[in-house]
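Following are the structures in question.
Next, two complexes with chain A in common: one pairs it with chain B, the other with chain C.
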Partner chain A sequence: MKYDAIVIGAGHNGLCNAAFLARAGLKVLVLESNPYVGGAAVSRELHPHWIYSNCSYVCGLLRPEIYRTLELARHGLQIVPYGGGVTFTRDGDILGGYLDKDIRRRELARHSPRDADAYLRYGRDTMRQCRLIRALLLRTPPDPSSLRWRDIRELIHIGKEFARLGEQGICDTMRFYTLSIADYLNEYFESDVVKANFAGSGIIGTALGVQSPGTAYVLLHHYMGDVDGQMGAWGFARGGMGAVSNALAAAVQAHGGEIKVDAPAARILTRGGRARGVALANGDEYYADTVVSNVDPKRTFLKLMEPRDLEPEFLARARNFKIRGSSGKLNIALDGLPDFPALGAGNPLISGDMHFLDSLERYERAYDDWKSGTWSKDPYLDLLMPSATDPTMTPPGKHMMSVFVQYVPVKVQGRDWTDADREAFKQTVFDQIARYSPNFRSLVLHAEVRTPRELEAEVGLTEGNIFQGELTFDQLFFNRPFPGFAQYRAPVRGLYMCGSATHPGGGVMAAPGANAAREILRDLRRGSSVPEGWSDD
Partner chain B sequence: MLARDHFHRAVCETPFHPRTAALNQLNLWHRWRDHTVADAYFDVGMEYNAIRNSCAVFDLSPMTKHLVTGPDALAFMNRLVTRDVAKLKPLRVGYAVWCDEGGQVIDDGTIFHLRDGVYRLCSQERQLDWLHSSALGFEVRIVEETNDIAGLAVQGPTSCAVLRSFGLAGIETLTPFGLRSYPFAGGTLEVSRTGYTGDLGYELWIAPEHALRLWDELFLAGANHGIRAIGTLALEMSRIEAGFIQAGVDFLPADRAVRVDRTRSPFELDLGRLVDFSKPNFTGRRALLEEHRRGSRYRLVRLDVAGNKPARDAYVYDQRRTNIGVVTSSMWSPAAKASIALASVMMPWGAPGEELTAEIYYQKELKWNRFMARCRVVEGPFFDPPRRRATPPADR
Partner chain C sequence: MTEPRSVIVIGAGHNGLACATYLARAGRKVLVLEAAAQPGGAAITREFAPGFRVSAVAHLLHLLDPVVERELGLAQHGLAYARDALATVSLAGERAPLVLSGGSILSGEVSAADRSALRAHAARMQKFARLIARQHGRVPPRLRFDSWRDALPALALALDIRRLGRKDMREFLRLATMNIYDVLEEQFEHPGLKGALALDAVLGARLGPRSGNSVYTSLYRQSGAVNGRCGALALPRGGMGAVTDALAAAARAAGVGIRCGASVESILVRDGRACGVRLERGEELGAELVVSNADPQRSLLRLLGARHLEAEFARRVHNLRAAGNAAKLHLALGGRPQFRGLSAAQLGERLLIAPDVDYVERAFNPAKYGEFSTQPVLEITLPSLHDRGLAPAGREVLSAVVQYAPYDLKGGWAVGKERFLAAVMATLEEHAPGIGALVQHAELLTPMDIEQQFGITGGHWHHGELALDQFMVLRPVPGAAQYATPVAGLYLCGAGCHPGGGVMGTAGRNAARVIAGGG
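Moving on to the complex of A and B:
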């Protein structure tokens, strides 16, 4: 059986890639090792009648151009924005990020009148950076060392966009990309809790501290999305994040593509220096002249390929690619809505995202724990109860809590995680929540605890890194995943990369999958089925 | 008769006002007939999502309502509207339009067949003069009862579950456009499976004195199902997604038109299915038959507009850049994830699948841009979830 293209991994990018290839008329096969599609964008009923988005848990970066072109709405995807966020302080107060702009301003002013006004300047400057990067999301990065007309033209295009920022704007942008989130926030705000409130987005999924250069960009990565044109907004996929993958899978099938689950790829087959198919763990072989890998570069090049098929320098790049696990996740079934007394009765932020670090100092200490080989003892949590917004997640009146945890090391004091470590880690997180919600513990019906060990074993993310590789400046844009290989092509002819390890990176954007499809169709001399990005102007 | 000092108040409050006012964090109101109703309560986007994600409650008390009774009630209704009311069985609701003798639409609305030969007509505009004019020679009694019935639309995927936990046993068996009565507070609560959102939903009708109790018990029952009060701005979004037209927006009521060429016939509003020529007589029949034979002047089309800019008030062009019409309603649709529009175009343009162009002007930070957006004429609603028709509907 021969296909035009085989995609390894039915994560959202693999499915998105397959959908665009199938849409262009290719005969496509997607191979997934798990018994379900979705990779890290899944909805799983791990406690009876409770649906967990047990990996990725919110949706805001998914490109609307892809959403529309693949008719994901018709295939059942619905994104429901949620209501704001809150930082709890240790002295029993809160800083609420309310949806309403006037309530939000007054809330900031409660902590610092000056910061409430500075928020506008902060918003403007951050949006300037967003605008620049958003224009690049659905474009293939140019190779700056190439003399091909296409690369030169793209470099000129980017140069022009850059020039439009003006001299000061260019300087600000260059600084921005190398700043730490702490330095960036210090330029706008005086209140420590205000800074702490915004700092979380700079470290999520990243093995860097708030004082580490490069974390300002990570914040941008969390702000550059939108929900229905509301820049920086996030929402829930109705029915959990699996709804994203299921809609993409439906799009693949609607265009005649085929998806095989329980089909773990064991080897990428090559002959005469070009890809010719995929062999499964059970020995079955599927053939295609185009093979697309949605798994990360370490797995693709160091596990699925014969080392002798690749150049030593290239193998070194794959080995050196930074995938540092730094996150964990708890998914908790609750018998009712927990109290958070500091919120006060009727506070809409009960359905927002909740955070518990109220100073940059506490953030940095949390990172210190990771560096010394253990999980943060006073961890950063990104806590949400999707069931407070999405009625499909739990039975009425019951709730589900999604708790993202930063920082969690890949190895504990240099050794592998044990079940006892995992239990102790869970207690650390429970303690953090219970400090702000006295009845939380009594409501717990079930908890799934995922350390990098589980994220790697169950999802196939090396070291459990949620972005398939760090979002640091050395690994972004034309350096992602490696310099010279940012245009989705692997060094073996017919082999491509389409995962979050490629530009523009992770976060359930589906842009890498779409961009890779455009390059593949270009090589096959087919018309592109991938939409161009919409202008923000 | 109204007391002489009514002039002290320009607008009245609906029976639900004490509750809607308490919830209206934004203090945003507008007039609907002579009542004040909420534009929005706290956030239009969140309110819209209550319609599509959980359960939205909208105060539709100001909706104009007329009760039609008497031995000739059916004959009168059949004379008034273009569809065959004889086919509307008791405890069923039907969407209808009525026309002047030129076949031009005066208004659209819903006919509730309350019990054998007793009808309630709900409409956008007040119609008493037209109804009485049309009643000549019929033995009917027509009474406006707008203020005698308070109404709540309860719409969204959890609306059936909310009504069940509110105590409406068996509500899940009510089919779309069905009508049922339940005892409530010593009186009667009428429930119809109708709405203006294109989603699963119901409308509740109650005597004004029980309105607040209804509201309170409903919100208590809905607490675990994401119940939320919504204003007109959110409702407006859902009605465009459903492809529903609105009087005064997508067409000009014929009895209000000073310029006679500004009106539209049912065919020109894509409502030809509501015109039943097998009826021997109804107002506008002759003119509509003539139009049917000769062809219409205009066509209402649903447009899928390229890009992400709403085609507000946009001119519509054909491939050769001839101006062929104008957009009447438009929005970015969160449910369809597309820029969508209703437009009125000249015939013969606007056949399903035809590619047209909308001339969109929009502003970003005080700079105006022009975008000639490709549009495709599509059929049916822009968003049409299966739950809208499912009986019994799912709980969420």
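Moving on to the complex of A and C:
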């Protein structure tokens, strides 16, 4: 069976890529190893009648240009903003990140009047960085070492964007990209809990601590989203994150694309130095001159390909690619809505993100535990109860909790996770929640424990890293995934990469998939409907 | 009262002296004011126990600007080296120590793969370090791009990077912000080798091997040359004071006046222009220009005062990261110490206690919380082995940089110092059994001591972290990176400016060029 293009992996980027290719008239096949599409953007029923977004759990980064072009709303995707966030302090207080600007300001002032003022500067400065990077999300990074006109033109374009910032703006940007989130926050705020409240966004998904230089940038990966035009806002996909994948899959099928589940790719077929198809584990072979991998680079180049098809230097790059799982997740079915006494009755923040680390020191110590080979004993939790916003997720009156946990290592003290480890890890997380919610434990009906190992085994992400590769500068932009290979093309002709390991990286953004489609269609000299750049509306 | 073309330089550190000399040679009438009883700032040799002398802060010379050395004739003014190419010995407890010099392993059980990886690594890093060294002598550009002319300095830097060649350019752009831990893990197996290379990347910095940007600090450290040898480490004869003595002699020969015991209380400003200084004893001295070799925070917030600055600029200066993390240990020893597994000849090299990269990272952990390392990392020299004038006959001086000792120690250094000294001595004792019994006098300088004794805010020997967020156009802060401050007639010339710390003299030279050119 011959196709124009085969996409390996039906994650959101693979599906987005396939949708744009199909939309351009290509005959496309998507191969997915699991019996369901979505990769890590899925909704699954793990306890009868409870639907979980059991991996990625909130939606805010999905590029609106893609949403519009692929008509995802028509394909059933609806995104609902949710209500703010809260940091609980050890002494029984809270810092509420209310959606209402005035209330939020009063709340900050309650902790520190100076910080309430500084918040205005902080918001303005951070949004300035967001705007700069947003303009680059749906563009292919230039190769700074190339002399091709296309690369030079793109470098000039970026240079001009930079020059427009003015001298102070350029300096601020250079600092922003090299500072740690702790240093960045220290420049604005004095209160521990205020700093702690903002610090989480600098480390989520990375194997870095709040004091690691480079983490200020990671903040952007959580701020550059928008829901309903509100920058930095996050929402739930109604029906869970699977709704995003299902809408993308529907878009693929609407344009005649084919999706095969239960079809694990075993080998990328090559002949004469170019890609010619994919062989499945069961021996079936599918042919196409264009093969696109949504799988991470380690799997793509070290497992799905023969070493002889690649240069040793390139293989070394793939081996040295930093993935490093650092986070885990608990998905908990609850018999009712747990009490959080510090919130008080009727507080809207019950439907927002909850955090329990109230100082930068506690964050950093959590990271030290990971460095020494164990899960954090006082971990960073990003806890949400989606059922408080979207009642379709659970039976009436019941609730569910999505608890993102950091830091969680791939191996415990160098060995594989045991069931006892998993249980102890679960209790560590339960203990932290129960400290702030006395009746929480009594409401638990079922809990799924996910370590990086589960993520790797189920989704196929090497080491269970949610971003398919560290978001450090050596692996960003023209370095992502490898220097010289940031334009979605693999060194084998006809083979492309479209996963989060390519620019602009992780989060359910779908931009890598779209950018890769643009490059493929360019090589095939086909018209493309992939949006480019950023439409400021 | 202001004499035309007169300049006051605050502080007779090595950069202040270099700057003063260049200005005097350019026809200025220069007076250097030094708070201490002798010139030299933190680059001095002093007696810390009867008959025992030691380089007070920095103890190895490796970044001295060869241009400054030549132009100011430091050799003619008495600068000589007791040793000019120390090897590095990584102490390994029971095992035979690892001895390395540049890209070669001189001794130790190291695999052939590691040896060849080290050669390649050292060659690549030196190439990148030369790229950084080329920027040292340039005044950081203003980042204005209104015309092509404005963009030239930035394009010059881009061209320098391009000239590395395609492969190395890609590697440079990848490595530039990486952490040294990952780079070492990619290439080497030998724990001692990785430990030694990691220590060089974090010495004097508030970074652990796993902290991003530590590759840059490692490159910075290799960006110097001694007697034409890149990245070499030298011991000046007579200690670090020999460098500033030579600089002071060169200054005097050029007609610079140096007044010691003259502590500046404030910088005088009239009509928005710096016009002189007031000494702590009340005396006022006028000058057309004032140049401060003090650190940026002291210069701008204490001596000048934030009231003369725009709020945003003052905030940037205030936010400068300048809390020191390195302490200095000086031991007066009654005899020659024995380090386990070390030959007599090896004792005179640079000795490191950094057995593996995780050890270094673990030593860093407490510093993040304002605690000192209970198992510190050390860079040790015994300068008296090469320079008999530093200790009485039959006795020795041990000089060591000890990390991590955060400036803002929880509970304060008044209480913590004794405990830290005990931890340091216990670590030393593990590698040199019996050394404690040889100690006749011990001096430990914490960053707090360095601040108090040398007037460096935060006790940071680089006058501020040498990190990517504080280098070149960002050093010390945007708006003062070209040595001129927002206050007319006031300039900075210390290590807080580009290209930074270490006994270099380059910042002083660059500042003088800016002042003589336009001031």
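Structure notes:
What we mean here is this: the second predicted complex is superposed on the first by the 533 of 537 C-alpha atoms of A that agree within 3 Å, B and C clash if a C-alpha of one lies under 4 Å from a C-alpha of the other, contacts with A are read in each partner's own complex, and residues count from 1 in each chain.
Quick note on the criterion: contacts are C-beta pairs under 8 Å (C-beta built on N, C-alpha and C of every residue); 3 or more make two chains touch, one makes a residue touch a chain.
Here the structure is a predicted model, which is why all the values come from computation and not from measurement.
After superposition on chain A, the partners chain B and chain C are accommodated together without colliding. Once the two complexes are laid over each other on the shared chain, residue contacts for A:Leu208 go to chain C alone; chain B is not touched.
Seen from the CA centre of chain A, chain B and chain C lie at an angle of 130° in the overlaid model, rounded to the nearest 10. Contacts of A:Glu306 after superposition on the shared chain: neither chain B nor chain C is touched.
Touch criterion met: A:Glu187 reaches chain C, while chain B stays clear of it. Touched residues of chain A were counted for both chain B and chain C, and C has more of them.
Shared-chain residue A:Glu423: touches no atom of chain B or chain C.
Contacts of A:Glu532 after superposition on the shared chain: neither chain B nor chain C is touched. In this overlay, which is a superposition and not a single complex, chain B and chain C have their closest Cα atoms 21 Å apart. Contacts of chain A with chain B, set against its contacts with chain C after fitting on chain A, share not one residue.
Put simply, chain A touches chain C in their complex at residues 144-145, 159, 163, 167-168, 170-172, 174-175, 177-180, 183, 186-187, 208-209, 211-214, 320, 322, 361, 364-365, 368, 371, 472-474, 478-479, 483-484. Only residues 25-26, 42-43, 45-46, 49, 52-54, 157-158, 161, 165, 224-226, 307-308, 332, 334-338, 364, 369, 383, 395-396 of chain B touch chain A when the two sit together in their complex.
Of all residues in chain C, only 142-145, 162, 166, 169-171, 173-179, 182, 186, 207, 210-213, 315, 319, 321, 361, 365, 368-369, 467-469, 473-474, 478-479 touch chain A in the complex they form. The residues of chain A lying in touch with chain B in their complex are 64, 67-68, 72-74, 78-81, 83, 99-100, 227-230, 238, 348, 389-392, 396-397, 534, 536-537.
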